[in-house]
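What follows is a short report on a single structure.
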Amino acid sequence: MAFDSGLAVLVLGVAVWTIAARDTFAAVVGFVAYGLLLALAWVRLAAPDVALTEAAIGSGVTGGLLIGASTRLRRTETAAAGEEPGPTLRLAAAVLCGLVSAGLAAIVLMLPEPAPTLAPQAAANIAATGLGNPVTAVLMAYRAIDTLLETVVLLLALVGVWSLAPDRVWGGFPGPRHHADPDGVLTFIAQLLVPLGILVGIHIFWVGSVAPGGEFQGATILAAMWILAMMAGLVDAPPVSRRWLRLLLIAGPAVFFAIGLAGFAMAGAFLAYPVEYAKLLIVTIEIPVTLSIAATLALLVAGPPERAPHR
Amino acid sequence: MPNSATAGGFLLVLAIVLPVSGVLLSLVLGGRHAERIALILMPAGLAVALAIAAAVWRTHNVLQYFVGNWNPPLGVAFRADGLSAAMMLTAALLICGIGLFARGQFPSPQQAELRAPLVFWTLLLAVWGALNAVFIGGDLFNLYVALELLTFAAVPLVSLDGRVETLAAALRYLLFALLGSILYLLGAVLLYGAYGTLDIALLSGRINAGPIAWAAISLMTAGLLAKAALYPFHLWLPPAHAGAPAPASAILSGLVVKAPFFLAIRLWFDIMPRMPERTAAQVLGILGAAAILVGSVVALRQVRLKLLIAYSTVAQIGYLFLMFPLAIKPEMGHPWNTTAWTGGVLQAISHAFAKAAMFMAAGLIAEALGHDRIAGLSGIGRALPITVFAFALGGVSLMGLPPSGGFVAKAMLLTAAVAEGQWWWALVILAGGLLAGGYVFLVLARALADASQPLTLLSPISPSRQAVVVALALCAVLLGFVPLRPLELLQIGRPDIAIGG
Amino acid sequence: MSLALDALTTLAVSVGAFFFLAGTVGLLRFPDALSRLHALTKADNLGLGLVVLGLLFQVEGPFAALKLISVWLLTLLAGATVTQLIARTARPGGPPV
Amino acid sequence: MSEATLYGLCGAVLVGLGLFGLIVHPQPLRKILAFNLIGGGVFLLFGVVARRGAAAGFGGDPVPHALIITGIVVAFAATALAIALLLRLFQETGRATLGSDG
């Protein structure tokens, strides 16, 4: 309990820092710490799968994205300071937000006892999915439609990011080209870390069917390794018009849809799996989904095309 | 409400799978094929929407599907009632019309892939799939994903032509939409914490009027209002809708803002029909009334045609929310029997057709003139008579003049307001109609005036595109022949429970 | 025996925690990004190493020990990478383009 | 007070803090940060709901856990799109604000 209280105070402290810091870069650093502390809170709340996701995506990739943006926007910092709202508005906002927090806190104390839960139902049906991790069973079987639509959400976000490219560079390379310094420390470390990280990513994806982990967490690590390789200049980002890249991006949702539709014939419903093949089918979906998510996440970080394709 | 999957339920799956698989195919095959894929899927999707409507009408019951054969609360249900069927049909007709119109604006490139056509055709299908997912979603979290799908499909449409001011508009739209989503999600979390399910049908049986339920519904409603751009959350809408290319504006103003309104109906009339609350409903009504007055007055002062139409959307969204104080009457029985409920839904549908037609007409005018300043419209009525006629037809529906869907909708709201003795809403409806008459007349007077010097059109406007615009405007007019009473189709599948006083 | 091991663990973890504290103080007190990174990485690598060392006295079996050591090594590697990347973006004049 | 309740109260405060940041900060980047802060709070509340529902040998209700994972990924996609828009705006105009009424 003492640990939890200390952790909660720390989380709130960095949250206040994130909101109150004058410097945006400092606020972003606060946010990364916030994500890591939240990951600890998730462990305390017996949600290791969420902890992994929070650390990898909520803090890691999001943090990287925000750090990059804040350094690029640093010069606008002083100009924006003049647009801050006056004390009256700030006070009104503080009162409103205080009321929201107080209301939510009251509701937390009011939640019914015993708490309603779907855990028994999730446990009762898990045998039909062939999986050992109930969270993966929810993501890939009970509520597979959410996961399927979410892969499409990611894809649409990427289409949205790409759509911001100037017309003359359409089909070209995302982001700036980083050049590898053959004697640089970064090149050396990246060459060492990338293969290791890919192994870790595959491992985390693979154990997801029985233990904490899964396609989102594994894919994030794979994405991070690709981003690292791009930033260290080991590889260049691929031009967005490449057919193989497009195939890689849609492979996950496409296979998901295809097996979902096959469910009509095999098990009588969309996204239903026949019991004896359930685990095989789920893994068959998860592999391309992991690769597609990894590619999408990495390209979301890389940004819209900035350099024209070679002609 | 049936407690198992119904025959024909697979149609609901198709309504999502068809457009979304089109998105995937367009990305792989590239921008040269995106248009063709969309054109093939448009009639197919329309057929699915018609089949769903026919099935709902024939069985007089909800069409239901349990995805993966997992029953709620563990699994996710798709459900189509009469309201869903009507909205899906509206969406299908509009998407088809907008798609045909957009062929002239985003033609397939001959050689290399081009950015704008690829993005437009892909996102047109994505919006369609997302809307269908919203209209048939039976689970609050699945609906959250559907709303995000819609947001990510809609935001890039705003900045499709890459002008600087549209980037700012798109970013502001995105920030409002994200705030809306997170508030909605927070409400859903509280409901799950209290009742252990996210399924709308199960929730409506378990919910009771306590602080948790009220907090949840308030948070979700606030989030949806931000997404629907109801006053005072309307500031993002005009620059976004006016800055987008015309077919995209038609999608955004006609369809996308209707999705959060639709979900507000689900919340207020499906999840909590047994906990009527007049005060909260009055607040929604007051915001709606403010939207009507503010939106219309600001529309009157616009100098650019597309901004005028966008501010008129702000006003017309206000009418939608008048249905809440007028339809929620604990002592009167089922709210969906009332003329106000039907009027509100009809307003959403007829505004969709009318506003899409007006935005596309404005797009044609801007293409012909090279600008959309209202002061410079003189002579366009002679040059593009069909387009201006379509604009006028849409305007008739906005003003609420007969015969038009807008007339029937507003007449129903007006009747309800008078019958209820809530005469203040009647005043607002009438004032809104007069103001709409003002801004539509302002445009038409300019357009029909003779030009001081002969008008030279920058580019010829194809008759087929004008025909599409007129066809959509005529749909809005045809809705005017709907009888002035609660519609049977819209009531199919409404929860059949007594309303406690 | 186990008492001695516990004492060793306590000592190593405490010293490790002190290094973390020192690193954090450095992060907060040093004037610019590069020297902050310097303070942070030195102290954290050492701190984590000592914590891992302390925990090694408690593990059952060589596999768990191996796991702890690989956690430390991976953290070293990842920390070095991130430090390089941050240092590059924090350089005066911004990131190289 | 149980640990779940403690984190629940923490989540409640986080939502309010984030909301405050979203309202008062004029820079879109700070608004995006604040949005992510609210997201963290909302997910934490959901996690508390899950923890309270521990049953059947699970340390928490797995359904909310799965939904939180989905939510975190969606929030990331939103952040990426918002930042791409913001950086393009900055590239084109050299400013990174939405004007006085933003």
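A, B, C and D label the chains in the order they appear, each numbered from 1.
Note that a residue touches a chain if its C-beta (ideal position, glycine included) is under 8 Å from a C-beta of that chain, and two chains touch if they have at least 3 such contacts.
Because the structure is predicted, anything quoted here is derived from the model rather than measured.
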item	value
Which of B-D and A-B has more C-beta pairs touching across its chains	A-B
Whole-Å gap separating chain B and chain D, where each centre is the average of the chain's CA atoms	27
Distance from chain C to chain B - Cα centre to Cα centre, in angstrom	55
Separation of mean Cα positions, chain B and chain A [Å, integer]	31
Geometric centre distance via CA averages, chain C-chain A, whole Å	25
Shared interface positions of chain B, touching two or more other chains	74, 141, 145, 148, 152, 155-156, 159, 167, 186, 190, 192-193, 196
Where chain D touches two or more other chains, by residue	15, 32, 39, 45, 48-49, 52-53, 63, 67, 70, 74, 77-78, 81, 85-86, 88
Touching pairs among all chains present in the structure	A-B, A-C, A-D, B-D
Residues of chain C that touch chain A when the two form their complex	74, 77-78, 80-81, 84-86, 88-90, 94-97
Interfacial residue positions of chain A with respect to chain C in the complex	67-68, 71-72, 74, 176, 178, 185-186, 189-190, 192-193, 196, 200, 228, 231
Complex interface listing, chain B residues touching chain D	74, 141, 144-145, 148, 151-152, 155-156, 159, 164, 167-168, 170-172, 174-175, 178-179, 181-182, 185-186, 189-190, 192-193, 196, 235
Footprint of chain A on chain B - complex, ascending	5, 10, 13, 16-17, 20-21, 23-24, 27-28, 30, 65-70, 73-76, 112-116, 119, 122-123, 126, 129, 133, 141-142, 145-146, 148-149, 152-153, 155-156, 159-160, 162, 167, 186, 190, 192-197, 211-212, 215
Residue ranges of chain A touching chain D (in the complex, touch as defined)	1, 4-5, 8, 11-12, 15-16, 18-19, 24, 27-28, 31, 34-35, 38, 41-42, 44-47, 49-50, 53-54, 57-58, 61-62, 65-66, 69-70, 72-73, 76-77, 79-80, 83-85, 89-90, 93-94, 96-98, 100-102, 104-105, 107-109, 111, 115-120, 122-124, 134-139, 142-143, 146-147, 150, 153-154, 157, 160-161, 164, 214, 216, 293, 297, 300-301, 303-304
